[in-house]
């Protein structure tokens, strides 16, 4: 009961953010880095519903694009992580033996370093680019999908249903379709939401310490840092992107129903 | 010392359902009470009500009188004060009730030390005596995981004993334990009766009920349908259900053994299997003939199921050979499982699973329907999920499922151990009937030796092959 | 071990309150080691070590550790008389031999500013330093003001490397935590006049915001290099003084004059006309006077030529020039010639945070006239590499003309015969070469103005803005003088307001 | 079982060492651009960088040698535990790490301890307390703190304590006051997660048969919690502590950068920006080793707390 309610609260926040992000971009046809140096920190107007920033760029469009960027980058990394994670997890559980051992060793190797460290190391190859950030995140996130899928599939495979289906003549894909995938789905969803919130925090934190995505690309973390010097005159502009990160992460965590990444 | 526990008009109900309906029971010294019923019959609620640990959302009316005190009128705090000193609980599945991170001696010592506020030395001395009494003196510094199920049971009995409570509540004492241990448990319980304790046992085990002499209550769906002296119920049951229940004990079965044909279906020679260093069996040799029922008996974990799985090639053997009759295909060697719900998809209605099977093997629907009729199952049941029908019904469905494939051999792995005695009888009678009509061979795995002797042509005690 | 020390440190500092004459300075630069070639500018600014000569606001060379100098008749031999009775912070005495030891170290020879000079030999004679050249360099003393030629005690070196930083300056290092912290005490045996600052702390704080926060909260007394973005909120604070001083640094577009598109001089000028420098100066640098009309700012009096046509913003002219060169605007708003789009790649680097921003402004402005500019923000070394392998089109860079206090050194390096890593690329002008050559031998104002003129007409690189630095200090700090050459923080002039 | 733990962790140590050394070498040769020029830019800044100075760097660091030779040198040096010299400062990497490690260690340890001081009593309290309002508010606050990225939390704390109240410095590291905000940033995040976990774990334990049986034996609520609750609740927490070490290592990187705190995380970010490869190598190695070491301690702790593990085959995190 409780879980369901928090799930829907999370979902509604997310839908609201999506609408906000898409609509404001449709209505205001600016580019996020279109400057107007003679119109700095303009007050909200019809033209700029949330005013402009330190370079006369439209705040609403930048926030909307940054939201979209964070969200989609997080989504892509999560999808990139879960496809191999789940596939290999099922494979390791089903095949067992050497395949299982080999995949586990790869995981152990990746786990030997804390996640952010691995991402930072990859970023070192090309700071400020999307690609290392994306690869790094996906490389970290797939492990959890793999581990949990493998464990869960293993526990499902010993269920008498699997043995009986096989001896009744059904193929493995029947078992996969009927038993394993339906049982994995809610779990995959939970990890996915959690992964996404991890990814969003990582992306914005890295941008905030100047090794993530670089300005002028609108990114929530770097926007906060860029606007920080103006916290006195324009507190709203600093708070807005912070608040949006907070909302996204909050909504995802509410939906994931988990307290820790385990 | 309390002399009597009297339950009067006890009713337990939720907002929309009555769980225990107006029951009256009485226990006095020398006259213990056994409440016999299947799981879900409400017997656990009765014991919880006496203990005072019913969930808050349940409402209770009636009286539970310990001598003259009505327990139901006491506050939660006052009831908790009775625990350990006046009311003692012998928990079911004792291995779950022992703290896994605490040494044996500590778990018994703490009762004297904290409940009775004895000093540490006294507590230790008394605890060691009790442990010696149940022959656990060598395990004082062990952890629960190092004890067997029976040893855990003895430990909780010792813990019960250091508590000087006059009312002892015993919750399913044989659940999860080997039948062999049954007698020693009954002995321990009877000892308590001799010490003038009030003993209240709930169980689903007819044997326990028979051996603890006093009063016996038969509980079905929240009601006591029969309540009298133990002896008189067993000798002269009044209610139809009670009669069937007593007759469902294998000893009372009237059954003729099948007549095996000459054709050998499975030939096993010098078979050996071990897990790590644990030898399951070695040099095991026997044949299974057509239309023969062969039973494998032995303790749980002794390798009975492994043997069947080796025959079906779910497991590999270490040594020896298995020759299966070449006239039959692999799919004609089938298995029926111990826990029927686990062999079905929990959310799927039965019909869908059966349709998949019919489609896969191109079997006509009529065949399924004719089996249903034969097995006394209504077509309506097909529209339900496994959890919506009873265990006995579901086990019959699993038999139908394998019969559709025209099997020649069925490995029946403890197929009735999760069923109540009445269902057990029905399912096994059905199986025996099929063996004759379809000329099937059955390898029956069971821990119940009596049952094995009664139904099968050949009984193999796997313990003899260690 | 370390943790114990740290705990002790914490304890000690928790009981210490700032005494009146303690000064805490914060700046953006991290200490990247003890070698003057790497971090000399920090030690120079904090006045821990000193040079043979120093520079005043006007760029005039004054005596310092050398009290006087003279050249031989052929101007190939220079003699510097070393100041007597100067003590290093380890109580050794400064002499000419020590100076020779400093200037002839392998590291200094290879990596200091001296490597640009045609030095034959460095030697000493009694109290004189003798430098023999193979060709005339009129501005030699200016090179000796550079931070890579700081003079250290002979005890500073081990195997030719600096292992301890011991200078002659008014402050003596007591503790360095690389890369963030220097602590120094007043060196009471300094040869100069006494000063009020007793204890000095330098904290490297990389982020501008943090520097602003620290000066605002009173956690620091002086903050160097505060970016314009932070000024608005600092101006309101009554406890703070803000000084902005022009420095001799120009942000410019370095371009490849042989590039397929850019070899057309019209295009260079069209780009220059399309850039609204006032908008950049006002919008980003918050100071309109920084819009560059030519390469050198007016403060560089000897080089700023008032009589040349200034670089201005003029879309019409820009469009006309582009049209003249055959570029036609098409429906997508971009220019095409022979079906090819006018597309240029600009690289820049984030060491100066405003550069990527200005790059996007330039991108926006060039789009107005139909030029499609692609920006790539990379490492500063890419400018040099792409210069070297000739793959560069445009680079937005920030270039200091007064690394050597006399801009001539840098100008020769950047716009001389072969162009320079941070200057002209594939560009050569005969007049320029001969002018620079004559200036190298003898200074001449007219020739200097002519150079400015050539740079404006030929546009081997396109100047965008000049620069300034802003220093914010607590009101209790008085008499803080900002050195436009960024050689010294002039801490010895500071008075405390009590 | 101890041997199993050591073997597994030793394997990880080797992996970490190999990983960081190969990463360093790979980076040298996969990085776009010219390595010598990058190093020169890092050392001398854009103002001091020229092609010619880059050439002298190339000679100095022997970057002109053939690849395999450089690789052998790097592996050989690594085997000698010689982590080399920072390309930027020229100091020995071990020397630099020593100083930075001390700062980070104190910071992380403080954060860890303070977080437990907050979380344990709060967690146990919420699991026993019957005041729904208190429990819900604790939970709500935990959720909110968890949803704030550490760097935003850091900025919020700076705004509150350094600007509005002006009682704590926003950056630096010399006085104890400098430790307050970074510690707070790290420990709030940690405490928000662990207090929830402690509550859950305590709640779980209280539903277990052995806990209830403790009550039925006649032990009071408090004694049962003491004897059967806390130890058993701690077991799942132990492995969670290992996870927190990851959070700490990651948090340290972010927090140190924001607070200009001279620890190992700050060093790593700078090394990455400047592409100071030996420093990256060294930092990654040290952080990885610390991570493995923490896990080792956690394994041993868990083994001591939970006797059942001694029996089972040791398998996993």
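Note that the chains are named A, B, C and D in the order they appear, and that numbering of residues resets to 1 at the start of each chain.
Keep this in mind: a contact is a pair of C-beta atoms (placed from the backbone, for glycine too) under 8 Å apart; a residue touches a chain by one contact, two chains touch by 3 or more.
Nothing here was measured: the structure is a model prediction, and the numbers come from that model.
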item	value
Chains touching both chain C and chain D	A
Chain nearest the global centroid, as defined over all protein CA atoms shown	D
Comparison of A-D and A-B by number of C-beta pairs in contact, larger one	A-D
Inter-chain centre distance, chain A versus chain D - centres from mean C-alpha coordinates, in Å	22
Distance from the mean Cα position of chain C to that of chain B, given in whole angstrom	88
Distance between the centres, which are taken as Cα means, of chain B and chain A, whole angstrom	49
Centre distance in Å when chain A and chain C are each reduced to the mean of their C-alpha atoms	43
Residues of chain D touching at least two other chains	163, 258, 275
Junction residues of chain B - those touching two or more other chains	none
Shared interface positions of chain A, touching two or more other chains	210, 228, 231
Those chain pairs that satisfy the touch definition	A-B, A-C, A-D, B-D, C-D
Partner chain A, residues of chain D touching it in the complex	11-12, 15-16, 19, 23, 27, 30-32, 143-144, 146-152, 155-156, 159, 163, 193, 196-197, 200, 240, 243, 245-246, 249-250, 253-254, 257-258, 268-269, 271-273, 275, 280, 284, 287-288, 291-292, 317
Residue ranges of chain D in contact with chain B within the complex	208-210, 212-220, 223, 227-228, 231-232, 235, 305-308, 311
Chain A - residues contacting chain C, complex	33-35, 37-38, 40, 54-56, 128, 210, 214-216, 225, 228-233
Residue ranges of chain B in contact with chain D within the complex	51, 53, 80, 83-85, 88-89, 91, 93, 96-102, 106, 110-111, 114-116, 143, 145-146, 159, 163
Chain C to chain D touching residues, read off their complex	2-3, 5-7, 9-11, 13-14, 16, 30-33, 35, 37-38, 110-111, 115, 161, 177-181, 201, 203-207, 210, 213-214, 216-219, 349, 351, 378-385, 387-388, 397-400, 403, 420-422
